[in-house]
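In the two complexes below, chain A is the common chain; its partner is chain B in one and chain C in the other.
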Partner chain A sequence: MTENRMVFRGTQELEIESPLIIAPPKRLSPPPPTFVDDRPPVLLFEQVSKWYGPVIGVNQVTLELRSGITGLVGANGAGKSTLLRLATGQLKPQMGRVSVHGVDAWDWQAKRHVGYCPDVDVFYEEMSGRRFVLTMARLCGYDRREANRRTEEALEQVGMRDRADRKVRGYSKGMRQRIKLAQAILHDPDLIVLDEPLSGIDPVGRQEMLELFMKLASQNKCLLISSHELEELEKLTEHVAIMSRGRIAAVGTLQTIREMLNDHPTTIRIDLEQPRELGRLLIDSPDVVGLEMPSDRTLIVKAKNPKQFFRTFAQLVMEEDFAIERLEPLDDSTHAILGYLLGGSGKT
Partner chain B sequence: MNSTPRAPSPVRAWFFLIGFAMRRQLRVRQLVILAVGMLVVATGLVVFVTQTIGWGMMERVMRPGMPTNAEVLDYVEVSFPPNPGSAMVSTLVGGILDTVRVSDATFIFPQLSRWVVFAVFVGFLMPLWTLSFATSAIGAERESRSFIWMTTRPLPRSAVYLAHFFAVLPWCLGLNLIGLFALCAAGGPSGQEAFRRYWEATVFGTIAFTALFHFIGAIFRRPAVVALLYSFFFETLAGDMPGTLKRLSISFYTRCMMYDEARKWGFEPERPEVFQSVGLETARWVLIGTAVVLTAFGMWWFARSEYKDDL
Partner chain C sequence: MSTDPLKQRITMLRYRPWRGELRGPWSGVLAIARVSLGQMFRRKLFWGLFGFSALIFLFYFFGQYLGVFMQSQLTGETGTVRLGSGVGAVTVRPENMIQALTKTLKMNGSADTFANFIWFEGYILIIVLTLAGSVLVGNDFSHGSLPFYLSKPISRWHYMLGKCLAIGVFVNLMTTVPALLLFLQYGMVDEWSYYWDSFHLVVGILGYGLILTVSLSIILLAFATWLRKTVPMIMVWVSVFVLGRIVAKLIVDGLKFSPSWRLFDLWNDLYLMGASCLGIPLETMRPGPQPPFWQAWLVIGGLCAFCLLYLRRRIQAVEVVS
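== the complex of A and B ==
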């Protein structure tokens, strides 16, 4: 994998809002680049906010991407698609600025540097895969010969060259994803934005796609890939941004996030009939750093090392036969991160 | 992807987009079928009227069961045969009959114009045909959610809007001119004269309507409904109302151009003081100006608009 660098700017403000953000991320290998790159970053979000009426899509996001693969994870409605659409110039931020190679992402010239594989499964169904990719190439402004050449190369890269003459409407989900990817890479963009590119693809296809992403990254491309599944992204990259409620809850290497999460106490509300008894047992746990009992049936626990804490908690509940009525992490960011790092779908 | 780079050209992309969007209009099969269906029905009706009662007064009857006006004239002619003994009476009757027949011939053109061209074509079919194509130029792409492929290409958004306008314009012009020709041809020789006189106004009116409906297609989620409401509530009602409100309607200026051409044939608005027609040049400039302003505003609007149809 090639250089992958995410830098956070304005971390002071972000730290106030979300203490889980780490800047800059620690690297396992290779070591973090310490040089100052004068070139504008491939993708830059500067304090970007976007609302849909009263609903917030993304909230004060600051993010800088250069080359390599960055995974973007988050539950449904976390703001992933909005962030990607801002990056590809489909949406305009109400606050802040999004730029690609220093050019405003909304500007048509920025789109020369961006390849976008959207999550919507929409094509010109009556076309063949080859015709569709060729049309997209022509719409990029290439003459017929060059468009043909690029189409064939892109189809070759996604492994669809020999199957591209069939109508798109007859394609499987995996083949459709590949065609979408082919149109995204045909103009050789520096930034490739992929929204749920692995959904609906069989395991063999997934492996091929992952290899293709790695290959693109090795060509010094910057890939921003969103997914529900952290597990899939982990095969590709150590670098992830976790989104929750429009904010980037955490960003960095998975290891750094895990370490940070262990140090950062998370707050959990537990409703049950005997909160005092449970509290008495939990206080002995080295992971519990604080307890509070706001009512006769509620216990608020502050715990670090959440993975270990939940293991202990589950054991206690089983052994002592506590009837838990409600279990809710109160810190939203932590909630999201826990969801992904503990292997769930973002919903703990 | 790294071999001999050839610079992409936005101009080339724009011309390709025009051709592509033009071909895409063929996919709007339902609308084409609907438009052709309406053309067939309307032409059939005109043929029926032309072949049965005609557009003049000769085949009409005063009351059901009574002879037609032509039969009455024939009866009069037979009742007063040329008689050298009463040459004065014969000349008088012959003169009256000739006058009636000539005035009937000049009545056909205005009648055909009023009912076929003004009421059916300008008042109904022209806006309907135009909106069925123009609103779908961007509207159909939005509805099918394939519009994303346009907005992710390295083309200025205003250029995308303009390309779709140019792509849809030939369809609208073609359909309206073919439609007008078919309706007029079905009306007989006077109809053919009507086509010669009215095709230019049809071209100008179509361009203005196309610009308007294309703009509506870009800003509303259900553009066909909005355009239909506009056509039949504003163009039809306001276009016929006294006062100056009708000067905001496109069909008013189209009619003004047509009246200007038809005046030589003795066809004028029923109540010129109410209609308050404008001159040919004014009407022409207003229609072209409307198209230019609406398209320019549409480009500006479109370049700033986000489409969140699938969010």
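== the complex of A and C ==
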């Protein structure tokens, strides 16, 4: 069972523990949390800022991650990679503190708890995949025997055991991703930071990777995944941190973030036999700001304050005995929310 | 249990708790050095250059042997020896040969023997280090492999130490180790008492090797971090060591300026430092005149400190956001 709880302290405070209002379609995520994790956070950002000369990479970020999967999304140059590098101790913040299990992320001891899968594709081309992972295992401080055992296990987990003796030079992009992933998980870290882990992996491989991420999350690991593959990310997790211009624009479940956007009415598609009647009743609700009927059996409702709207809607359906055939929020996707938050289409 | 083979496989696999003692980051240093050595040893060019350096060693090895052998064979008689046959035959005077081997080439098991040997090895060593710099360090930057290292439980200093260790192996493989072998050989062909009478030379050779290891690895690491690619690395590295020597020679020997201008020649500075370890008097050193030993220590020490400061700043895998 996984538990994912994130706290964003800043101008707005949000603690996400609430159950879902509507279950999103085709979600692979684990069931909602049943207990509150009182342990110290795996990863903690405290008012962290990082500049590159005059350019600010991350700006006053405060973030707290415990076990579970968190997606990190944002446009190019938003500061995602900087955030990941700060989390893995490769960059030192100029202000604030980044800690892993209470130890400064910059300290080598903190890195024992961190696995990092960077987005670079080229590494030691003349080395075999197995040799590369083994070297990384030795870097972690294991003796030869244990390093060998962990190498084999990690290769098995990413499905590369039978192909690991080939030189990296001959690997496809997907195979390189798997090898990178193997070196990230081989020391069984509590925090696994993955930068574009699904890039270049074929659909079957993606499914395998998603299963693996889910399995790691179910082992109480904390996964921070930066990805432009929003659809895949949505299958994995409901918890996202959205970055914009070095700041965390929003953090929490997609639904909760969506609810916070009161200025942007949510769009809901309702299929039923009597859309006109339902529309007539809904128009009286103060939360409904627009109605549309694209076909005889479909009603599109634009509503602000979704939580209140769904309460009213549920009551109406019960009282008037409407047979709802389909109920689907149309702009609850990460794309749409990103579009609202960052402007444009939400493409990252 | 799930019927999906993938799920079965994943469910069956799990990390069992490991009760062993994790080694510290120093084991990571060894792992980095091991990988770096492997990267170099698999290159044919390296073996070719190593073969050249072995030729210098063999030249000294047989030169020392010949010198001692000829001395032991001469019994006060003077005359000439005809070597070879036919038109290729040459007539030599053994005294002249011994003179050339022991006095001119200094192949006599003295401090000068080892200092000169390491000086000559320097020509090959500089080329090997150029190659090593771009392969061992430059590639980490240009290929982006640095995050793999720095995300593991080592600090950037451990990373640098690992690379320095690998560079140190090459340096010692071409200088200190063959110099020690020459010391052993001379004791065997000359007299056993040579070992304890000249034991201070072993300390001097080790000191010279240590100086070369520390200074060259730090300077090379800084150059490779700065230049990254092989061609610019060769150009700048060779310029510093070759051009520096030409400029120093021109200023001191040609324009007759102060010997301190010879400090431009970095290899000469290292030679001076080594000579001070081996106990060679400054006046007997060639090319002369030479600057005082302390000036060479100061220049190399300052350069190493500057390189360390640069490395400290550079090895952070900084992403530049435009």
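We take it that the second predicted complex is superposed on the first by the 230 of 348 C-alpha atoms of A that agree within 3 Å, B and C clash if a C-alpha of one lies under 4 Å from a C-alpha of the other, contacts with A are read in each partner's own complex, and residues count from 1 in each chain.
As a convention for this text, a contact is a pair of C-beta atoms (placed from the backbone, for glycine too) under 8 Å apart; a residue touches a chain by one contact, two chains touch by 3 or more.
Only a predicted model underlies this, so the values are computations on that prediction, with no experimental measurement involved.
Bringing the complexes onto one copy of chain A puts chain B in a clash with chain C.
Once the two complexes are overlaid on the shared chain, A:Asp143 sits against chain B and chain C alike. Judged by the touch definition given at the top, the superposed model places A:Gly77 against chain C, while chain B stays out of reach. Shared-chain residue A:Ile324: touches no atom of chain B or chain C. Look at A:Tyr116: by the touch rule set out above, it reaches both chain B and chain C. Of the two partners, chain B and chain C, it is C that touches more residues of chain A. When both complexes are overlaid on chain A, the residue A:Glu208 reaches chain C alone and has no touch with chain B. Using the contact criterion defined above for the overlaid structures, shared-chain residue A:Glu153 touches chain B and also reaches chain C. Judged by the touch definition given at the top, the superposed model places A:Asp188 against both chain B and chain C. Using the contact criterion defined above for the overlaid structures, shared-chain residue A:Ile283 touches neither chain B nor chain C, since it reaches no partner.
Overlaying the two complexes on chain A leaves one chain C stretch of 20-28, 74-82 or 182-190 clashing with chain B, which is 20-28. Chain A residues in contact with chain B (one complex) as well as with chain C (other complex) are 52, 81-82, 88-92, 108-109, 111-112, 114, 116, 118, 120, 122-124, 126, 135-136, 138-143, 146, 150, 153, 157, 183, 188. Across the complex, chain C meets chain A through its residues 6-7, 9-10, 13-15, 18, 20, 22-25, 27-28, 30-32, 34-35, 39, 42, 143-145, 147-155, 158, 316-322. Listed in rising order, the residues of chain A touching chain C in the complex are 52, 55, 57, 77, 79, 81-82, 85, 88-92, 107-109, 111-112, 114-116, 118, 120, 122-127, 135-136, 138-143, 146, 150, 153, 156-157, 183-184, 188, 208, 211-212, 215, 219.
Across the complex, chain A meets chain B through its residues 52, 81-82, 88-92, 108-109, 111-112, 114, 116, 118, 120, 122-124, 126, 135-136, 138-143, 146, 149-150, 153-154, 157, 183, 185-188.
Across the complex, chain B meets chain A through its residues 1-3, 6, 8-13, 16-17, 20, 24, 27, 144-146, 148-157, 306-308, 310-311.
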